[in-house]
Structure formats: C-alpha cells, structure tokens
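I have a structure I would like to understand better, so I am pasting it below and will then ask my questions one at a time.
Chain IDs A, B, C and D follow the sequence of writing; residue 1 opens each chain.
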Amino acid sequence: MATRVATSSNQLNKLGVGKLSELPKDGKYGDFGGQYVPEILIPALKQLEAAYESIKTDFEFQRELKVLREEYGGRPTPLYFAKRLTEYAGSAQIYLKREDLVHGGAHKFNNVIGQALLAKRMGKQRIIAETGAGQHGVATAMVGAMLGIPVEVYMGSTDIERQKMNVYRMKLLGAQVHPVIAGSATLKDAINEALRDWATNVQTTYYLIGSVVGPHPYPMIVRDFQRVIGDEIMGQTLRRDRKLPDLLVACVGGGSNALGTFYPFVNESSVHFLGAEAAGAASLGKGSVGVLHGAKTQVLQDEWGQISETHSISAGLDYAAVGPEHSLYKKLGRGEYISVNDEEAFEGFRMLSQLEGIIPALESAHAVYAGVQRARKMRKDQLIVITLSGRGDKDLETALRYEQARGTV
Amino acid sequence: MNRLAEQFEQLRTKNEGALVAYLMAGDPDPLRSLEYAMAMEAGGADVIELGLPFSDPIADGPTIQAAGVRAFQSKITMKSFVQIITEFRALSKTPLVVMSYYNPIWKMGEETFLKQIVEAGADGVAIPDLPVEESTNWLNQCRKYHTSRIFFVTPETDDGRAKKIAEQSTGFLYLVPRYGTTGARDELASHTASLIQRVRPLMPAGLPLAVGFGLSNKEQVQTVITAGADAAIVGSALVDKIAQGVSPETLMLFVRELKDGTRRSASAAV
Amino acid sequence: MATRVATSSNQLNKLGVGKLSELPKDGKYGDFGGQYVPEILIPALKQLEAAYESIKTDFEFQRELKVLREEYGGRPTPLYFAKRLTEYAGSAQIYLKREDLVHGGAHKFNNVIGQALLAKRMGKQRIIAETGAGQHGVATAMVGAMLGIPVEVYMGSTDIERQKMNVYRMKLLGAQVHPVIAGSATLKDAINEALRDWATNVQTTYYLIGSVVGPHPYPMIVRDFQRVIGDEIMGQTLRRDRKLPDLLVACVGGGSNALGTFYPFVNESSVHFLGAEAAGAASLGKGSVGVLHGAKTQVLQDEWGQISETHSISAGLDYAAVGPEHSLYKKLGRGEYISVNDEEAFEGFRMLSQLEGIIPALESAHAVYAGVQRARKMRKDQLIVITLSGRGDKDLETALRYEQARGTV
Amino acid sequence: MNRLAEQFEQLRTKNEGALVAYLMAGDPDPLRSLEYAMAMEAGGADVIELGLPFSDPIADGPTIQAAGVRAFQSKITMKSFVQIITEFRALSKTPLVVMSYYNPIWKMGEETFLKQIVEAGADGVAIPDLPVEESTNWLNQCRKYHTSRIFFVTPETDDGRAKKIAEQSTGFLYLVPRYGTTGARDELASHTASLIQRVRPLMPAGLPLAVGFGLSNKEQVQTVITAGADAAIVGSALVDKIAQGVSPETLMLFVRELKDGTRRSASAAV
C-alpha cells in the first residue's frame, strides 16, 4: 500500500505548484478544472470568487457558520469505532465518520449552509440548485427555509418519479421543484437546466452547486466547506489514538464527501486515500478527460465527446463526471479510486446494517464495501476511517425493490 | 482574406447587414439538414451557422435542445457532420461557421477537429462554453488554420473584458444582448442599442459585430441592424420551422423575409 | 403561568415523599405506578430492578454507555435557537432540543442503548420489544445489531401495513418482526403480545420497553436513561443564557421524551412543564385512573374499564395510557398537559419545516404547535425549550396522504 | 364455610381431585355461555371459573383472547355478566369463581364489583394481573364479603414469596406449572410434580392447590391430580370446543371425560 502515494515532488513541480494543498492555482488543479461556461456566467463566477475570498477571513461570517453547523447541523459528528465490522473484516481497525448524523441525513449540509450564508452575504434574493436523488435539493431547501431565502430546485423528471418522497420533502420545506424533461431527465440534465436558469437570472440568483464540480471557484468552495469532515477526523484520531489514520475511504459521486475527507490530509504522505466509485458511473475508473458542466475533468463520454448515460443503484453517485481535484489526485497517484458495483454496494449496505445497526446511504455503502475489502489486506495495528456520507433512510424503497427483484426479502 | 471577411466587406459596400442563419446539423437528418442549409443560402442568408449536436447543451434553450435530440435520433456522427460541410461547400461559396460545445472538440483534439472542418470548408468556429481564458491553444490552432475564432460578449461583460475578447476574435464578435439561453423571443431587449454602442468602441476596427440570441422576425433583425450591428443571427426561429417540418422552400421564403430586415436602405423606408 | 406550578409541599407531604425527584418510592409515584403483572413476571421485575440498581453506580457500565451515546448515538444533541419560529410566534425565545439528530432519528435511542447494555450485563440472550410506528422497534434493532444481541419485535399487523418501511428497516437490521393480529392490531396489542412472550421466556429474554410505561421498574429506568435530554438542556441554557428555561414543552405518548426533558428540572419550581398529547389519545386530558400494561395510571377506557381504541395522525402518540409519573405530575399540577389535534399538529409540522428547515416527527409537531401557541402568551425575555423528539422522515407518507386527502398538495 | 371450601372438603372425602372448568362469559353470547356453564356442571365440573372479558388480556393465549373477542361481539356488559352468575346460581350450587383482569374491577371500584358478584352468587375471584403487593385493599374487601381470593404461584416464584402468596390465598392456590400464557398444550411440563412438592409445604394446612394453564385432556388432568394437586383447571381446551360451536351436550361429555381424570381410585386403574 505504501507505494500508492507515489506523488513525487518532481511531478508536482512539473505542475508548477509546491504543494497539492495550495491548489487551485488560477482556477486549475494541474490540467483540470477551469471555467468552461458561457460568457454570461464568467463575471458571476469572478464575483463569486471575490465574495468567497472576502468571507474566508471574515470573523463574523465564520462564527455564524460555526454556530449554525453546530447548533443547527449537529456538528461535530462522531468518529465511531466499528467494533463488529472490524471483527468481521478481521484486520485493520475500522472507524466510521458519522456524516449520516448531520441534519438532513448527509454531508450535503456542510456545503449548503456555507454557500447559503455566502448567498445571503452577496445579497442574492434567490437560490437555485440541481438535484439527482434529491439529497442536495433537500439540504438546500432546508437551509433556505431556515435563512428565509426562496429556493428553486431543478430535478430530472425521471428522478422526480423515482424519488417522490424527497420531492415532497422539498415542497414541504417551501422550495419549488422544477421538473426537467430534457435528455435523460436525470442529474446531468438538471445541472444543465440550473446553469440555464443561472445564465438568465445571474444578477439576482445564487446557483448553489452540490459537489466539488462545476466551474471554478465551485470545486474549491465546496471542498473548503466540506473539509470540516477531514479536519474533524484529524482531531479525533489524534486525540484518540495519537496518530493519523493509515487509510481514508469515501464514496465518490461528484466527490465532495471524499475530498472533504481527504483534503486536510493531502500533505500527509502516510495517509492513503481510497475513493469508491459506482461501477456504472466510474468517471475516474473508466472515463477520460473531458469538459462537462464547466470543468475539465474525468468524464464518461463516447468517442465523439458525447456524455454517456450512467447507472448506479445509488442516485448520488449516478453522475458522468467527477470533481477536477480528484482527477488530479488520480493522475498523480495521490488518491486511489476503485469501482464498486451495485451488488457489492448492497453487500456493504446489509453488512453495516446488520453488524453495526447503522443503515448507510447506498452511496456510502460503496465506501463501506471498499473499506472492508481493503481492511483485510492491512495490519491489525492500522487504522481506517470510512466516511459515512449519509444515512440510508432515503434508500429503503430502492433497497426493498432491489431485494424483491432478487428474491432475498 | 477568407470567405467570412469577404462577405462582410461586400455587404458593407452594399450598406447591408448580414443575416446569419443557424441550423443544427442532422436535424432532422444529415441529408435534409443540408437541404435546409442550401435553402437558407438561397433565401439570402449571408452566413450559415451549423450546430454540432451535443448531449449537454447548457447554453441552449428548449428549441435547440430539441433539435439536438432529433439530430442524435438521426444517428449523426462526426463523419456525417463533416460531410454536410463538404457537400455544402461543394454547392456554395457562402461562409459557414460551426457552432459546437467544447467537449466534442476537446475529445477529438482541437487540431484534428479544426483541420477536418476547415478542409471540409468551414470558415469559423464559435464555442459557447469556451471563454477566452481557456483558449490559448485553441487560438493558436485557429491562427494556424486561418479560421475565424468567434467569441461572445454579453451585458454582464465589462468593458475591459469585452475589449480583451474582441481582440481575440476574428470573423465577427458575437454579441448576446440578453440574459439566458438561445430561444426565440418576441420582445427585443431594449438595451440592445446601448449595448452595441458600449461595445463597438472596444472592438478592433473592421471586426464585424453580430447580435444573436432571441431574434425571431424581420422587425427584430431590422432593429438590430439599425442599432448598428453588422449582423443579425437568427437561430431558434429557424429551428422552429424545421421542427414543424416545413419544406425547404417555405424555409427559404422565411429567410428571405428575414434578410429583408438587414437592408439599411430598406429599413429607412419602413 | 406562574400559578401552574401549584405543587404545594403539603400535597407532596401527604404522598409521603419529600421531593418529587425522589420518586418512585416502593415502585409508586404517589397513587400511580406499581406492578400489575402476572405473577410469573414479578421475580423478573425484581431481578431487573436489582440489576439496574447495580449498574447505576458501576463506573464501567456508565462509561460504556456514555461512549456509545456520544460516538454511536451522536450525543450531546444541540440546543438550537429557532430564530424564525421565534419571530413568527412573536414573543418568548424558542429553542429546540434536537433529539431529531440522534442516531435512528428519535430520542428512543437514549433509552434503548441503556437497556440493551443492561440486558447484556444481565446475560440475557435475546431482546424483545413492542413497537407502534416502528421507531422503538428500529432503535432496538439497531442497538441489538451493534451489540450482537438477537432482537424480536412485536408489531400490530395494522401498523405493519401502515409502516412498511420501518418493518423493512428492522428486517434489514437483522431483527425478526412478529405480526400481532389480536385486538386492534396496533401498539397496545403488540405490548400485550410482548408481555406474553416475556412470560413464556422470562429466563432468557430481556423485554425492552420503549417508554416510561409498564410495571416498575420500567418507568424509572426509561426516565433515568432519557433524563440526558433534560440534563443537557440544563447545561446548555445555563451556559448560553445564564438562566434556566421558563417553559419546557414536549409531546407525550408514553411520555418518555417529555419526562426525560422535565425530570431534571422537577425541583426547580420556576420551570414550567407543558406536555402535548394527541387529542385522540389524550390519556391525561380525557382519561381516568386505570391499570394497563402493569401500571396504575391515567388510561383511556370506557365505563367498564375496557381500554379504548385511540386515534392520532402520529403513531407514536397513539396509545391509551401514559407513564405513571406524568399522572402524578398532572394530579399535583406540577405539569400541565394539553391536547393537540391532528390538524394543529400538522400545522406545527408545516410551520417548522417552512420556517426552520427542520421536518419534525409528527409526534414532535404536537409539541411545536403547543410551544408556539404558548410562546405568544409569554414575555419576550422568557425562554422556551421545545424538545424535538424525532425527525419527520418516517412520517412523509402519512403527511402526504393527509395533504392529498385535504387537497393541499 | 363457603361453597368452595365445602366442595373441596367433600371431594377430599371422596378421594377425588376437583375439576375446575373455565369459560368466558358471553362466549358466544350471554345466554349460551350460561348453557355451556350448566353443561360443564352437569358433566361433573366441581368448580366453574367464569371469565370476564377484557380488552387487553396479557396473561392469555390466543384461544382465550379469541373467546374475549367473541364475547365483546355479543355485546356483553357488566350487567349481563352479573346476570349470568345470578342465573347460574339459581340453577346450581356448584361453586363459581370469577376470573377477571384488574382494570374492570378497579374501574368499577373493588367493593362495588365484589358486592355485585357475591350477591349474584360468586364464591371467589382470581385476578391474573394483581399480585399480592397491590392487593391490600382488595384483601380487605374479600374478607368483608367472605369471598375467596385466589392468587397465583409459578415456577419463578421463590419459596419465601410462594409462602406469602399462599398465606393471602383462600379458596385455593392457583399453581401455574409452566411459563407463558394460557392455552392448551399437549405435553405437560415435566417438573409439575416437583413444583407441587416444593409448593405444598409452603401452604397453610387445608388450602387446596389447583394446577392450571395448559391442561387439555383427561391424561393431563390425571397426571396433575396424581402428582398431588387438589384440583386441575382446564380452560383453553374447553374454550376451543365452544369456539367450534359444539352443542352443550358434546361439551358435557368432554367435561365428563376430564372429570374422570380427577378420580384418584380411577387413576390408579389406568
């Protein structure tokens, strides 16, 4: 495993950066990132970047963020030693970072609360968001309700059909949900539509992106708001075991929970990163470099550059691209990314439910499976932290249908 | 001097604005889209703008999105796209500009792409999601292949940036007078004239200024030309007709009417 | 309001107890409580009481409980200042105690983790539980999975039909769910059946009761495990405002989240208690003294002592009796208890969703409604804490059906 | 001396055990439950145990639960319950014991309840969910109305407690030899004999010991009586017949057969 972190400083120097932690540089993560958007949005992105830079050192903003994260969001989340899962895997010690306990049921909140406060600070009157499974939409609707900012959410009509309860949740929270019938009528198309709305209403509207994707500065902003996961892990493992974890594991859809987990450790070469992608949407594993939704990154596409349709049992991983910073980690070997298929993810889902009494989100179940597999190859004195990005309540119907189809329930 | 520059030069002497007519390659199928392109030319379009369909057209409204879907259904490929240009060029000297999102170009390789379409007979390329900042290599390729590189300016673009964009542009500068995506609208943003007046002084002398997004009839074309634009771009309104399945002749008559709007002498008479 | 806490020491002296906080005495809360169970269970109750007394001062047990509460359960839960709800009510300051953020989504966990550890300590090989809406069953199944103790849950077949997803959750967590077809096939009947199972398997089995009901020592044990809610509130309000709350509000089904909230403040006469019962199951408001499930307490019954069927939109409040300690609080005027009907509860549900981005459990929505109504009659400098016993995800289908029936969605 | 004591006294002289036959008042309706009670008496039951239906019968298995549901469906009231006792008493001198959960008694008031049923002709009351600890007032009432107060002892009850319970009991002591609820079982808990031997010495002299829960046929009755019990209580097996809708005569024949099991002399002959 030690060979995995092969990021030689040579490679980094060639990229013209001293340390990975200092990226992005000029909106780029090495070759990745950038701002591939219609001209109308460029000024808005620059304005966003400036506003974001100003709040980074704004005491009052940071205090408000911290208070809301703690008192509204329930942070810090625990680091839980999964005793029975560890026994089951039979080797390295497995800890779970419990983002499933965050308000709304997933790490999505960490980012949404930060950006929504930023939107308020920027004087925007309206927040738009895209959503696939509905998790980011629900998180945005929650925070919008709490701050009193109207929220409109774009969601593919196929997803609306699949995720009725999340649609109702958003409505209950006072958000408007706009069905998107174009394309495959899923997440990718919802993003397209949100971008169009933003282009139309750029002066009054804040576009709140849900993962470390999209044009610069979004991947940076979302990463920075999600790094609280990794920051907490660092404090928790140090306090508990007086050492850093040997391996961090997280699922990768757009990549925000993974990057939030990994990023604070990026300069710690003893800490290995393992990202678990859905096999049917493995942009890092099976994609190639492309441009989607404003960023150059690994993309699932055909030979002509048309974006592929993806499939995953977990709607949150069902996305054809990935955050540009992951593309760089992968290219440099700083992060390892593996594919977990539906069946394996479901095994992770059941495993955690039955051994630990924690029903993970199907997204997170990918990480659980990958972490347990890897644990077997490690030593007993090694320490794994798996980020449990969300809880599985939202997935029960999907899981039940899956089991019914396989006749296991 | 390439076909685009020649065309604008000629129109200037005739005191006419240019009509740029957009259509989606492969809509409803490659052969018929060629017929429609020829009909546009016959109707008087001064520049043909040929769209390459893309799975995720973030700058386009529902009309052009739907055209892309129809094009994919007709199983258009990069090869047939290039072939449409070749056939068009065999039949006509009218300048042709390709409109494509960046990913298909990136995927093929900027140079390979450019080489193919230029050899087929294209005169310029507009890429809605490639701002100047990301265009260093692309500009070099365009220079190498003597192809017009068409960038966009919007009401949000400030003067400094507009200047920079205009300086990188050749063929014409694409001015988007309103917020949002492509799509035919009935009203024309009232500030279009003042926008033209703001942008014009920032442009290198001789670079034509084309106004697009949302023009749907002769009156709007006329307004834009009267306001000082060198060209009016009509897209969704034409794609709408194609979606309705009109004959090439009907399309030709519509283009002819639009073209009327570009004649400055005529406009004075209205 | 100050007149509400009319518990004269005379009245208490007549009960032969110095302070309410010292109850139960001989298994009784004044006239209430006791052990009205078949003889076969009496020795088991005594054994349970002895075991419970021994762990109360057992350092190791208490430490394990604390660690699991924090690292597995996500405690302490935040006390959140509900700014927009406060503005909406327009007077007293409203805080929410966020039990909705606890693992599993409700306060039920606080009790289950304690009792399950006790069961383990007692060497029981099997845990049984009853459940209505499924929340207590799910919490028990979770903790059973985590500790590796088999769990069997009794649930009325009507409830199984209504709460399919919770049934699946329990199964996923490895628990067995036994349908109960007797009686109204709801919670009351599930308790009956669990008692029968316990009578049959009393030697090997721990019966894990989900609220402050049942025979002594259950009401005491559950209260003691739930008092962490009130203990935390006390610390949080003191630290934040340097004073105690003026009013505590909680919903009352069996009464465990309410008692957990109130009990630590019982000797603080300036702190008023407001319990919100479901109008269709208001044992305190509309019941009379009776004996059900092992305790003498307020019960909804007909003139012949037959137990009434109850109705509430919130399954967790849909119970014909209430914890005996509440019966005493009510009798002495120490606690005030009001009825909130389905429509009002639904108003609380929408209110909190739209103003604060928190979808409460329908049970908790009763407390929200009651708290907001009461806030209006209080002063701006007064402080209310409403215990949000759980989150509303489990109730979305019910709420949607309710809205559909009323044509509001 | 009341009817119960007399009955046990007589049986002792005949060297017979008592057969206690249980049925639910109002199952399937008040009138027919009276007919069934009379049939039991005619079949040789020495004591009738009449259940008062309760909505939440936690000590009962499915058979008796179902009987309660049928009784409720027949709209039995407290009044008709008392009437059944009155009618029974008018026709028979056989002792009758009421089996009721505590809440209906509490609700009515212990004294009011007791007064009514005693005046109607009941001889004792067994309350499955009222342990001795909660019985202070109840015991006083029973003394006042000279009614037998029947308590339960189980395998879980230790000696000290069993002694205390037995001391509070009059009429007979109800020994439950097995775990769980009422309901007919085919096997009889093997430890019943040793349980009887353990409990007997703890009981006041002369207090009869009745074994119940789970006896379903003559052989089991016989086993229990042979093991030293003074009475065998049969409940669910009889309620099962009633549930099947057998005629009173058929029930009578079944009771007769069960009664045979209580004859010590006869038992020796089997």
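By our rule, a contact is a pair of C-beta atoms (placed from the backbone, for glycine too) under 8 Å apart; a residue touches a chain by one contact, two chains touch by 3 or more.
Computed from a predicted structure; not experimentally measured.
Mean C-alpha positions place chain A and chain B at a centre distance of 38 Å. Centre-to-centre separation of chain A and chain D, using mean CA positions: 68 Å. Centres computed as Cα averages put chain A at a distance of 36 Å from chain C.
Shared interface positions of chain C, defined as residues touching 2 or more other chains, are absent. Viewed as a contact network, the protein chains form an open path, each link joining two chains that touch. All chain pairs that count as touching, in label order, are A-B, A-C, C-D. Taken in their complex, chain C has these residues touching chain A: 70-72, 74, 77-81, 84, 98, 101-103, 105, 141-146, 148, 165, 168-169, 171-174, 350, 353-359, 393-394, 396-397, 399-400, 409. Listed in rising order, the residues of chain A touching chain B in the complex are 34-44, 182-183, 188-189, 191-192, 195-196, 199-203, 288-294, 296, 299, 301, 303-307. Across the complex, chain B meets chain A through its residues 54-62, 65, 69, 72, 77-78, 102-108, 128-131, 133-134, 151-158, 161, 165, 176, 179-181.
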